[in-house]
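Dropping the structures in below, format is structure tokens.
Two complexes follow with chain A in common, the first pairing it with chain B and the second with chain C.
Up next, the complex of A and B:
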């Protein structure tokens, strides 16, 4: 953990060598989701609600998923950009150092410019939290934090899966963006507004439903049956990373036996 | 200290054919051919030796280094280095080795060299006192004092290579793998690097395995050479014996080491 901090520090120093580009990119990262959010706002201005969800409920969803995405892109960028690490042979270098590959790949790159996106999503989240009709109890606040954590784990898991595929293809796979960017776009709305199969896919295969839809029901007091279970669903989202890490280990073994 | 026996390694290489039609076909179905990169390689190296590992491009030098440094798992054969099998006990084993890939940097590009060194200290968990004394020694012998606070991207190749070598020795490894450490260096830097390698070998008893295409490196450093060609080990012995073997049928009285190697490559038909 301490070492992770050191990696963070040295790459932050590197980033600070290019200040202008840092500020411009951060600025851009603030406004990309901002425009999406503006779209959301005007949508609700026109229609009032979607399937019984009002604006602030959806905004909460939006804030959670974008915040999770920003955090994962900042800290798990090493896996996102892993193809270049394999292609230029840097991965060999990691293998001759006495640390786990996961830690070293995490430490190979951070994307600090995601601070812009993080700021934007925090604002949306703060606004939604203050305006939504919810009595915030400790349990509910905790659930909200779990939701974000769970989101970070799921996005990280997808990044790791994509990176693992690089061991077989070398080239980065744009296809994974369907799940990261696509998942983000889908999951910024409560999942039950979609077709059944979409909801199922994002609940049981890639558990974005555990990040916002199910726990959101708990926060809003719309649960049926045991509400405690709903509160715990974000943990199920976190569990998504376990098979991803196992696959990663399998991938590393494959790499070391084929050398490509 | 190092025992390699019967290492075999083959790679699957996608067959490339010319023409657009074939390229499109290759998108869907590829044909692979097996290329034997290493074929029954065996040797052993005693502590404190400097061994030059030579052979033409693509002979399997880098693959051997990768197997010995725990990056690659061979198809067959065993390798025991300091009691470890490199690819099985990777994390425990690599603490004892230093690796320099001449064509690739291990330093962080945009920050001063010393920051990279500090991070390596944390990665290898080097105790502070040991780190300080190692750093002092390395900075003196490799003449790094003036460049250690400069960002890596502003260093010349020679300066950078000296830093690379220092970086791979911060954790006191017992074995140093150098993959083309003098590539692209000017005469002064080459000599500085060679002198340094001799020195750490003498003073600290570090075992050095180096690959190079510069035969002057070999002549200056290695008491013993290993020649590999087309994946097989062809010669294992010292330089003088080699010289004597080829000196008779040469036109000049004292053929240069380059001549000898060329003749040797020809004899084994590996060029």
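Up next, the complex of A and C:
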């Protein structure tokens, strides 16, 4: 943990060397989700609702997902860029050091410019929380925090999975964007607006449903049966990272250096 | 002209090498298209008012957007050009016996064409045979199809002219990522990439209509789906030509200005 902090500090300092570029990029990162959110707002202005969800309910799930994505892209960027580590043989160096590979890959890169995205999503989230018709209790606020944490875990899990695939393919795979970028686009709406097969896939295989749909039902008081279970679903989402880490270890054992 | 053509051909051949990347791109774009369509489907499902564009027209719009993504997105960086500027190798480019504007223009155009050539046909073919309601409808008659192709190509020329302006701005700012990001995000929103222009509120539409961005993507797609009738399309195509001429003129002028003051970054 101490080492992680050290990595964080060093990379932060190095990125701060290019101050203008840093601010420009952060600013841009603020605007990307902003334009998507503006689109969302205009659609609601025209249509009013989507399958019974109103604007602020969707904005809440938009905020949660984008915040989770920003956090995990900032801290788990090392895994996202992992293909270059494998391709140029840098990974060999990590293997001989007496620390876990996960920690070292995590520490290889942080993307602090995502602060722009984080800021945008927190603004959306704050707006949604203040406008939505919900009596906020401690349990509900906790659930909201769980949702974000769980989202971070799921995105991180996907990043780790893609990195694991590099052990076999050497190259990075663009197809993985379906689950990261695509997952983010998709999960900004409550899951039940999609066709059944999409909903099922993203609840049982990649548990985005545990982040933005089931707990949202609880927060809005629309649950049937045991509401306590709904509150705990985000924790189930967190469990997604366990098989990912196991696969990662399996991959490391099968790693063959590219040499050079 | 011959020099530009051969640059164009080289670039095209270069771009066609990356076939597996294109395959992955196609899969991603299909997923993307499905997600967008399902969201709109859900919005349309219980809409109390009739929206200004029908669902099947919208679906056509989305598929065309996915198929011709390489033609319409501003976010398409040629790192080579940026590196030329920031690393100082621009000096070599200046020595070439051909105008640098035309040279780069041909380069960018070929890159987009190569990328689209690999991706658009498979997407279009599969989308045409998808089950309803996801099917991409075919244009009503030959005239519409011809108009669509003209509009699309002119749109592509306009887009490349706009992206040339972005590259030229790098001469001044030196930070490629920043200006590209801002231009890209705003420009794509105004081109109807985030939500189709007919669905925007009317005050925004009146802004969008005076800017050139919509001519690159929104206009050809709506011609295809018949949302813009043929006679209206014929009126807008001259406007496209006008914008194209204006943008190229601005680009050439700005480039000349920037080059006169260019500082070659050490080497």
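Here is the rule we go by: the second predicted complex is superposed on the first by the 255 of 260 C-alpha atoms of A that agree within 3 Å, B and C clash if a C-alpha of one lies under 4 Å from a C-alpha of the other, contacts with A are read in each partner's own complex, and residues count from 1 in each chain.
Assume a contact is a pair of C-beta atoms (placed from the backbone, for glycine too) under 8 Å apart; a residue touches a chain by one contact, two chains touch by 3 or more.
A quick note: this is a predicted structure, and the numbers were derived from the prediction, not measured.
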{"item": "When chain B and chain C are modelled together on chain A, clash or fit", "value": "fit"}
{"item": "Touched partner set for A:98, first chain B, second chain C, both or neither", "value": "first"}
{"item": "First (chain B), second (chain C), both or neither touched by A:249", "value": "neither"}
{"item": "Chain B versus chain C as contact partner of A:17, first or second or both or neither", "value": "first"}
{"item": "Partner chain(s) touched by A:90 [first = chain B, second = chain C, both, neither]", "value": "first"}
{"item": "Touched partner set for A:2, first chain B, second chain C, both or neither", "value": "first"}
{"item": "Per-residue contact with chain A, leading partner among chain C and chain B", "value": "C"}
{"item": "Partner chain(s) touched by A:222 [first = chain B, second = chain C, both, neither]", "value": "neither"}
{"item": "First (chain B), second (chain C), both or neither touched by A:50", "value": "second"}
{"item": "Shortest span in Å between Cα atoms of chain B and of chain C, once chain A is used as the common reference", "value": "8"}
{"item": "Of all residues in chain A, those that touch chain B in their complex", "value": "2-3, 6-7, 10-11, 13-14, 17-18, 88-90, 92-93, 95-100, 253, 256-260"}
{"item": "Parts of chain C lying in touch with chain A, wherever the complex brings them together", "value": "21, 24-25, 27-28, 31-32, 34-35, 38-39, 42-49, 51, 175, 177-178, 181-182, 185-186, 188-189, 194-195, 199-201, 204"}
{"item": "Contact set on chain A toward chain C in their complex", "value": "20-21, 24-25, 27-29, 31-32, 34-36, 38-39, 42-43, 45-52, 173-175, 177-178, 182, 185-186, 189, 193-195, 198"}
{"item": "Chain B - residues contacting chain A, complex", "value": "9, 11-12, 63, 66, 69-73, 87, 90-92, 94-95, 97, 99, 101, 104, 106, 108-111, 115-116, 118-119, 122-125, 151"}
